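Letters A, B, C and D mark the chains as written, and numbering starts fresh at 1 in each.
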Amino acid sequence: MDRTRLEAFSDGVFAVAITLLALNLVVEGPGRLHPTLPHQLWEHRWSFAAYLISFFMIGIIWVNHHVLIRSIALVDRLLLFLNLVLLLFVVLIPFATATVAQYLPVDDEDTRVAMALYCAVFLGMSVGFSSIFEWTLHGDHRFEPLPPQTHWAARLRFVGGSGVYVVALVVALFNAYAAFVLIALVAVYYIAQHTPSSPAEPRGPDDAGETEVHQ
Amino acid sequence: MDRTRLEAFSDGVFAVAITLLALNLVVEGPGRLHPTLPHQLWEHRWSFAAYLISFFMIGIIWVNHHVLIRSIALVDRLLLFLNLVLLLFVVLIPFATATVAQYLPVDDEDTRVAMALYCAVFLGMSVGFSSIFEWTLHGDHRFEPLPPQTHWAARLRFVGGSGVYVVALVVALFNAYAAFVLIALVAVYYIAQHTPSSPAEPRGPDDAGETEVHQ
Amino acid sequence: MDRTRLEAFSDGVFAVAITLLALNLVVEGPGRLHPTLPHQLWEHRWSFAAYLISFFMIGIIWVNHHVLIRSIALVDRLLLFLNLVLLLFVVLIPFATATVAQYLPVDDEDTRVAMALYCAVFLGMSVGFSSIFEWTLHGDHRFEPLPPQTHWAARLRFVGGSGVYVVALVVALFNAYAAFVLIALVAVYYIAQHTPSSPAEPRGPDDAGETEVHQ
Amino acid sequence: MDRTRLEAFSDGVFAVAITLLALNLVVEGPGRLHPTLPHQLWEHRWSFAAYLISFFMIGIIWVNHHVLIRSIALVDRLLLFLNLVLLLFVVLIPFATATVAQYLPVDDEDTRVAMALYCAVFLGMSVGFSSIFEWTLHGDHRFEPLPPQTHWAARLRFVGGSGVYVVALVVALFNAYAAFVLIALVAVYYIAQHTPSSPAEPRGPDDAGETEVHQ
C-alpha cells in the first residue's frame, strides 16, 4: 500500500492550482493612461470575489480529498486514473475563474456562458470525486469497509453534491449572479458543516487526528 | 536507500508541468472588439483537445514513473541525472502543447512542424524513461532483479513505446491531424491497458498496493 | 494524527508563492525602442527591493509555520480551514508585491494605496497565523500544552506582531517609503531575533532539531 | 531532528523554478505577420540553449543540495535562513535565464551585462551553498563530522566552485559567449565528474543509496 506519492502529486497540483488563481489579479502600472489604483481595485472586485470563492473551493476539495484518500487501504492504477480525472478539473479552475471574473462586470449572454463554464468545471470535479468514492465502496479498497446498507445513502449524498452544481449550471444560463451566489453558498456550507462549533472543547487522545466525514 | 526526495522533486515537477498546461487556456475580455465567448471557446477547441491529451500523457508518465521508481533499490547519481533528462522533456510539454494548439487551427507547413515538435518532446521523454529502465536492469538496482532472459523482451517493449513516437513524428511531417490522433490513441491505450477491467473484484491483502507493470 | 499532508500542501503553496515572486521581474528585449539593460535594471530597483523583502517575509512565515505546526498533536478540520485563511493571504503576496513595485517609482496617492494594500496582506496573514496559534491553546491540540498563565503573554506577543502591520498600514497612508522600511525592519528583526548568534557552538544531541520559538 | 519540511519546501522551490524556465519558451501564432515556425524556433536557439544549461544547473544544485542536507544531523533556524539565501538565488535563475536569452541574439554591451547578471546569480547561489556547507562544519551539525584537518581542503573546493563563477562574471564583461560556454562547461563537468562511468557494475547492499560527494 503506497498512498504517499498519490498524495504528494495531488497536493502539488492542488497547491499550484490554488496559487495560480492569484495570477489573474493584475493591476496596470501608474500613469495618466490608467485609472487610479483604488478605481482599478474596484473594477477588479469581481476578480477578488472569484479568487476568494475559487480559493476556498479548491481548499475544500483538498480537505475532502485528504480525508477520502486516508480511508483507502490500497492504491491501484484505476484509482490513479480516477484521481487524474479529478485533477483534470482542478487544474481548469484557475482558467474558469479568470474567465468568469472577466465577464462578470458586463451582464450579458457571455457572462452567463462564462458562469455556466465555471459551474461545469466544479461539476466535473464533483463527478471525478464521486467516482473515487464509488471506487472505495468496492473490494478491499477501504481500511474499514462501509456496511453495504449505507452505500446508497452515501451515494445519494454524493449525487446531491453534484446535483447542486447541475442546478447552479442551469441557474447560470438565466442569471449568472444568482449562480455565483449559489456556488459561494456551497463553499460556506462545506466550511460551516464540517467545522466543529466549539473547537476549544477538550478531546481525548483516542479522538485525535481527524473527524471522519464520508461515512 | 533514499527514494524520497527523488520522488518528491519529480512529483513537484510533474505537478507544476501538468498545472501549467492550463495557462495556455486564455479567453479575451468582453467588448465589441472580441468575438462572443462561445465563439472564442470554439476557436480554442484545439487548445482544449491538446490540453486534454497532454494532461493524460503527463499523468501516464507520472503513473509509470511511480511504478518504476518503486522497483528501485538504490539511488545513485547516474539515476538522478537520467531522471533529470526525463524531466527536461516533461517540462517542455506545456511549451510543445501551447505551440501545437496555436498552429492546429491553420493547416499548413507550420502545423506539421509544430506537431513534429510535439511528437519529438514525447519521444525525448520516452527515451529518458527507457534509459532509467535500462539502468534498473543492471547491478543491484532493483529490489527484485528481472531474470536476464526477460531483459530483451522488456527492452523491446520500451523500444516499441519510443517507436510509436518516431512513427507519430514521421506521420506529423505529412499530416499533423493523423499524428495528433495517433498520440491520443497512445494515451487511450495506456489508460485502457493498465486499468483493471473489473476494479470491484475483491483482492486479498497480499495483493494490496500496486499492479506491477514493467515486468 | 496526520500533519503530513497539511505540511505538504502548505509547503507546496509557500514554495509556489515564493517562486512566483520572481515572475514580476521582467526586462524588455534589446532594440532601439528599449532603454539599455543597466538602465532597465535601475528602473526595476523597487521591484528587486520588493522581491527581496517579500521573499524573506514568505520565508519567515514558512519557518514560523514549520515550528508552530510541529507543536500540534492533532489535526482537525477547523485547523485545516484556519490554515487555508493563512494561505489565502500568502497567495496574495506576489500580487501585492507586484502592485507595490509598480507604484513605488512614482510617489503619489496611488503609491500610498499600493503600500497600504501590501501591508494589509501581511496583516491578514498575521491574523491568520495568530488564529492558528489561538487554536493551539485549546483542548489537547498541542503535544505539550502551554501553562494557562502564559496564554495571555503569548497572545500579547501575537497581537504585537499584527500590531506592527496595523502601524505600517497607517504609516503607508502618509508615507509609502517609511512603511516599506518598517516592513523591511520587521523582516530583519525576525531573522536576527531567531537566529542564534554563535551557530558554531556545540550542541548536545538532546538539543537537536529545533529551537522552540512560540513559548 | 526534522529535515523533512526543509527538504519538502526546497524541493518545491527547485521544482517550480526548474519548470518556470520553460515559460520563457513562447512562439508567436500563425499568420502572415509572423515568421514561419522553423524560422521562429531558429530565432529562439539561444532561449533553448539557455533553457538547457539552466535546467541542468538547477538539477545539479538540487542533487548537491540533496546530498549535503542528508549529511545534516540537526536543523536549526540559522540553517533554515541560510537555505533561504540559497533559494533566493535559485528563484532568480528563471529571470536571469530569460534576460540572457533575450540579449544573446544581439552582441552588444547589454548582452555582456545580461551575461554578467546570469553569472552573478549562479555566484550568489554558490555562496549560499558554501555557507550551508560552512555551517555543517561546526558543532554537531553533521551525522559524521568531517575531521578538522580536512576542513580547509573542503572549503578550498567550495571557494574554487564559487571562483569559477567569479571568473565567468569577469569574462562576461568582455565576451558574453565565452562566459556562456564556461557556464555550460561547469554543468558538463559536474555531471561528468559525479556520474560513475560504469553504472552497470554490481554493488553490494552496503553501498546502497548514495555516493558521498562532499567529503
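Criterion: a residue touches a chain if its C-beta (ideal position, glycine included) is under 8 Å from a C-beta of that chain, and two chains touch if they have at least 3 such contacts.
Since the model is a prediction, treat every value here as computed from it, not as a measurement.
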Inter-copy rotation, subunit A to subunit D, in degrees (Cα atoms; steps of 5): 180
Interface residue identity across copies subunit C, subunit D - same or different by half: different
Remotest chain, subunit A as reference, centres from CA atoms: D
Geometric centre distance via CA averages, subunit D-subunit A, whole Å: 37
Centroid spacing, where centroids are CA-atom means, of subunit B and subunit D in whole angstrom: 26
Per-residue overlap in subunit C, given as positions that touch at least 2 other chains: 8, 11-12, 15-16, 20
In the complex, subunit C residues that touch subunit A: 1-2, 4-5, 8-9, 11-13, 15-17, 20, 73-78, 80-81, 84, 87-88, 91-92, 94-95, 98-99, 102-103, 105-106, 108-111, 113-114, 117, 135, 138-140
Residues of subunit A defined as touching subunit C within the complex: 7-8, 11-12, 14-16, 18-23, 25-27, 29-30, 36-38, 41, 52, 55-56, 59, 62-63, 66, 70, 191, 194-196, 199-205, 207-211, 213
